[in-house]
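Next come two complexes built around chain A: one with chain B, the other with chain C.
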Partner chain A sequence: MPENISERIPEQLSEKRLGGCTLGGAIAVTSFISDAVTVVHAPKGCAHQVFSMLHALVEEASLPLLPPLLSSDMSDREVIFGGEEALSLALDKAAAKNPALIITVSSCVTETIGDDSEKVCRAHPAADKIITLPTAGFLGGRAEDGENTALLALATLAEKCVPLPKTAAIIGEKNLETEVEENYAEVERLLSRLGISVTLRFCRNIQAAEIGKLGEASFFIIRDERVFPAGAAVAKRFDRPYVAEFPRGLSGCVTFLRDAGHCARIPEEGIERAVRDEEAYQKQMLEPFEEMRGSSVYLGAQLMEGTFDAAREAMERLGIREAPDGIPLKLPFYLPVGVSGMMKMLYLWRRRIRG
Partner chain B sequence: MRQIALYGKGGIGKSTTSANLSAAFSESGLDVMQIGCDPKHDSTRMLMHGQWIPTVLGQMYEKKDIQKEDIIFEGFGGVRCVEAGGPEPGIGCAGRGIIATFQLLEKLSALYGDIVIYDVLGDVVCGGFAMPMRDGYAQEIYLVTSGEFMSLYAANNIAKAVKRISGGRAANCRLGGVICNAKDMEHETELVAEFADRIGSKLICAIPRSKTVQTAEINRMTVIEHDPASAQADVYRRCAKAILENTGLKIPSPLEPEELEELAGKYL
Partner chain C sequence: MSCVENPLSPCAMTGACAVLSGFKGLAVVVHGSSGCYYYPKALLKTPLYSTFLLESEIVLGTVDRLKEVVSGLEKTGKPVAVVNTCVPALTGEDLSKAFAAVTLPSGTEASGAVFVDAPGYIGDAAAGAAAAYKALDIRINPEIRGVNIDGVLSLDLFARGNLHEAERLLSLMHIPAAVRFASDTYAHLMSGVAPFTVSVNPSWDAGVGTYLGSFLFPELKKTAEALEKQFPGAVFDVFYEELSRADEQMFYYADKYLRKYAPPRAAVTSGRGYCEFADKMLRRYFGSDAALQLPREEITDYTVICEKLQEYKPDLLLGSSFEAAAVREIPCAFVGMTHPDRSRISMSASAVSGIEGGISFMERCINALIDVKKGM
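Right, the complex of A and B next:
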């Protein structure tokens, strides 16, 4: 019997590996505001780590983005005597570039020695365009805490306003996942069945001024539970309904359509028509995989909760059996989003089954 | 080279004791270095006739290429005086400053002599202030305490640090003994002696409270220099001799808080 890796990985080890640092989480949000500069108040190694990771990912995705990061470049001197002066100098450099927004993120080092980053930012001549994120490196929690902190702080740039009908804003896309654009396209495809348009991807390849449009959306779509705290808080602030996550697999698309339709107050018959169209579309999309019907497979490790369910639903529709001695198949790292996510998985399965 | 460190509650008299011990050691012909490990940077002031010498961290803040002469100053009896210094109160990390000081002294090959005395801030508040005990610097730790409960409490805490550190990478760090710097309490020396005994160590010396000390300090000198013929100067000399002859270096057995309270209560 093939070994199921997930049975070998202690849950905690996996969680710790995925936990990350608030700095990385926050910067993964702020770097996607193209006319903002993020000042990393930390030793330069921290900024380098995050810059390298982001740079590698955007290169891979051929995105025209060089993460606009500046480090306060803390050394032993700043650790011993305090880094507030170094932060102020880094803010000077950031301000000299005349960005639309300067975002400061703090590290575990600055938190440990007790630097008051907020005070420094308030006192800076460019204070009116500076947002301070008290991320505090590992002391502030995990990467997702950094993302939530960033989203919540940036959302304060948007004023309350009258919502535009049939519009949605997306909150907290996973900027570091390779399928981010495919996943967005899938959401956009589903929304178009309801005549809903996306006003803002908060924060994905936007300009700082666009954040002001956050309140224009008639409802919000939160990427997933990772950024749910920020998403729900933003929805509450603007008094708007929300869809709690991107569609999970095939049936998740139908659920998503109904949820989004209700949030946008689409009449019931309009929603049901969209659902019928979607079901027909899914049937058509699954046809090329009919050749896998009757195959026996063995599913590998589930690294993201919900992936088994999404995969088994597709197996059921295609008549694929699960057996201990079946062909070992790899599950996607991230939970597949909508039909496109499932197609990608099924293509890989088909190749494996064909041998 | 013998490296000794004096630890104790803030204000208990570590710097006065350290400076007078350094003076006594130098008087007996030894090559002595005293390193103040406290952001207050006043450990060596009496050896330096009241001069506030530039601190290591102050120099590190100001310049990159630091030489020995920037941070080591000759005081009474040829004692080489160093002050680690530290950040302004309320900012930065003084503990890291102590570590950086030691790294610089190592780099400059400045740690030499017959005796190096480390005079360390009131308590082991973090790993930085344990630095003199770690990495093979001070092999002998002396606890300076009076008979006051809080002073004994701090001394007991430091004994805990010595125990922990002696079991780790600095296996040669040991408790040399306890110095009673008296506050004129009744049965104070007996109390401190019993405390030393109960933690598995011994009383090295008892320094009585004396106006001679205040007089010397007002004149910006150690007692040994200001009033060498005084009884108090002899006390410091005897204490220095006891340390020099001390071979009973131990891993202490710190007391539980209840035991400490019971001990202090016994002498009330």
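Right, the complex of A and C next:
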């Protein structure tokens, strides 16, 4: 039984209420392993919701089609008589595709009726390639809990080995955000200043066998606090340092360079050279927004923690004032990643200020 | 018992939300988790509320939480509709305690809220839409002169355009449009609906009133004849003239196409109503063979659909972006007929129904086909 909900502060309650469903979070990880099949033990509408969302995102990013999501298609019958047979049939169909991996996720319906998904998976002839995620839909927490559960379970497929110098593995990219490739490009841009290469995007457009590369990375880059529990646990298991998040805004790029440089044991002078180059680059990138200097603006609501800080830093660099009667500006829904993320925000601001 | 791969149909809860949120003035509450709520909210783009249930509330009972949300909405004076989702439906709570009772004219007390049990496991969006219409307890008022417009649902890409076109055609005929299912005000719906109904998309019909036919182009003449019988004072000359001109226009452009190219080999994946419409249109104007029809009512397994399309090798695909992705490797023109259509940004109110809808359909088909032929 969870703690007494009436004792929680409203903000926590609200955040918990709005956090989505574990299914979406878990499938957003597992669907990006191209030779795996995910079995969703749920009514087919649950699988449709996630499939539809992921399909939209891969279409937008011009990525290849995602591997299949198999729904056990729970109907009235399974709800009354139990859905274990339906799960077993879905596993048969998944196994017939001969995937490298079969990942099962459970829903709030299966949790409520008491199906033992784990027992079904253990008893299945393809048990050696099945990973069972006890997600339990919203009864198992929020979307981010599903992501963490999936990342942690999949990381067990990797063995510890000798790290390759100047390599990083990324953990927990937000596969459900539209700017995921743009954000990755920004991280890659910064890492290239330090001569660091990314050996694995865990899990983004990879094959199951590639998960083994997790142990080769000399350090990890965790996408953000959302997947920090999984990221930190993986880092601990492999005894490797980590950078805790993607670069937040402009100064975040400098912090990121220093953190990544230290994790990769780059000599201090190499890190400082990269920082100087980055500062010069940022100055150049901000030039098109100089016309906003002297403007007076009013920032709207902060939808993501940290957005105010990133926005105010850009305002300070560009000499933009904040005032209650200033031009109302919208803050982005996501925390802007690096210089490219900030520029997207500034283009919208400039349009507004130009009127 | 079945197993579906990448299922293409939304769940019952989404269908119920689509119907209820189509009636302005009715506050629609999804009684479920945020994970259930976000999908219909994003898809339908209509106002929706939710109880955003937590696990602890499932354990302790969800009535208090539902009551909290419903009473907050009732204070605004809006009638409330509650769409129940999987887990609270499974636990079998008596949720009626969450609603304030109202006294009916007969003197008996009843729940003041519309309650729809639409857990995902009862079926797809059509099952939820049917459950919502049933719960609305729609009454026919024989005194109302006019025709209801059915099949207008926000789950249809062309709902807004179809409605505009149906209203325009009824206006040409001097027949008043009565209630629009489901795109009207709740107050209008509750004041009673007309005895006669036409549909713009039979896949999403409420099925209320005597059905006089569909406004999809191939059925228009027959439907107009049925309307003439029921509305003797109505005016049909302008309508028939326009219908005839549209028919000629579509033959003209189809002929022009056929001078250069063979008739399209089409596949249609949409609701049954649109599948049949597309098939009839392509046969009439292009002389095409019967199209491969894969109605959503019969087939929602994406992998099976992909296999059928790859085997059939259409050169014109009418469907959603899901199917468009499946034929990416073959030269095939694509026209969006059902959700989702991500091939283009779509803001205007395009129609499939009515005269303009028919013309617009043919126009999109011919343009898409020519673009592929020209290698654009």
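Remarks
By our rule, the second predicted complex is superposed on the first by the 336 of 355 C-alpha atoms of A that agree within 3 Å, B and C clash if a C-alpha of one lies under 4 Å from a C-alpha of the other, contacts with A are read in each partner's own complex, and residues count from 1 in each chain.
Just so it is clear, contacts are C-beta pairs under 8 Å (C-beta built on N, C-alpha and C of every residue); 3 or more make two chains touch, one makes a residue touch a chain.
Note that this is a predicted model, so its numbers are computed, not measured.
By the touch criterion stated above, A:178 is placed in contact with neither chain B nor chain C. When both complexes are overlaid on chain A, the residue A:284 reaches neither chain B nor chain C. Contact with chain C, but none with chain B, is seen for A:138 once the two complexes are overlaid on the shared chain.
Of the two partner chains placed by the overlay, only chain C lies in contact with A:71; chain B stays clear of it.
Look at A:59: by the touch rule set out above, it reaches chain C but stays clear of chain B.
Once chain A of one complex is fitted onto chain A of the other, the partner contacts of A:45 are limited to chain C, with no touch recorded for chain B. Put chain B and chain C next to each other and count what each touches on chain A; the higher total goes to C.
Of the two partner chains placed by superposition, only chain B is touched by A:115; chain C is not. In the superposed model, A:79 lies in contact with both chain B and chain C. Touching of chain A by both chain B and chain C, each in its own complex, is seen for residues 76-79, 112-113. Of all the residues in chain C, the ones that touch chain A in their complex are 1-14, 32-36, 38-39, 43, 52-59, 86-87, 90-91, 119-124, 300, 302-303, 321-322, 325, 340, 342. Residues of chain B that touch chain A in their complex: 57, 60-61, 86-88, 90-94, 96-97, 100. The residues of chain A lying in touch with chain B in their complex are 76-84, 112-115. Interface residues of chain A, counted against chain C in their complex, comprise 1-2, 5, 13, 16-24, 42-49, 51-53, 55-56, 59-60, 65, 68-79, 85-86, 89-90, 93, 107-109, 112-113, 137-141, 143.
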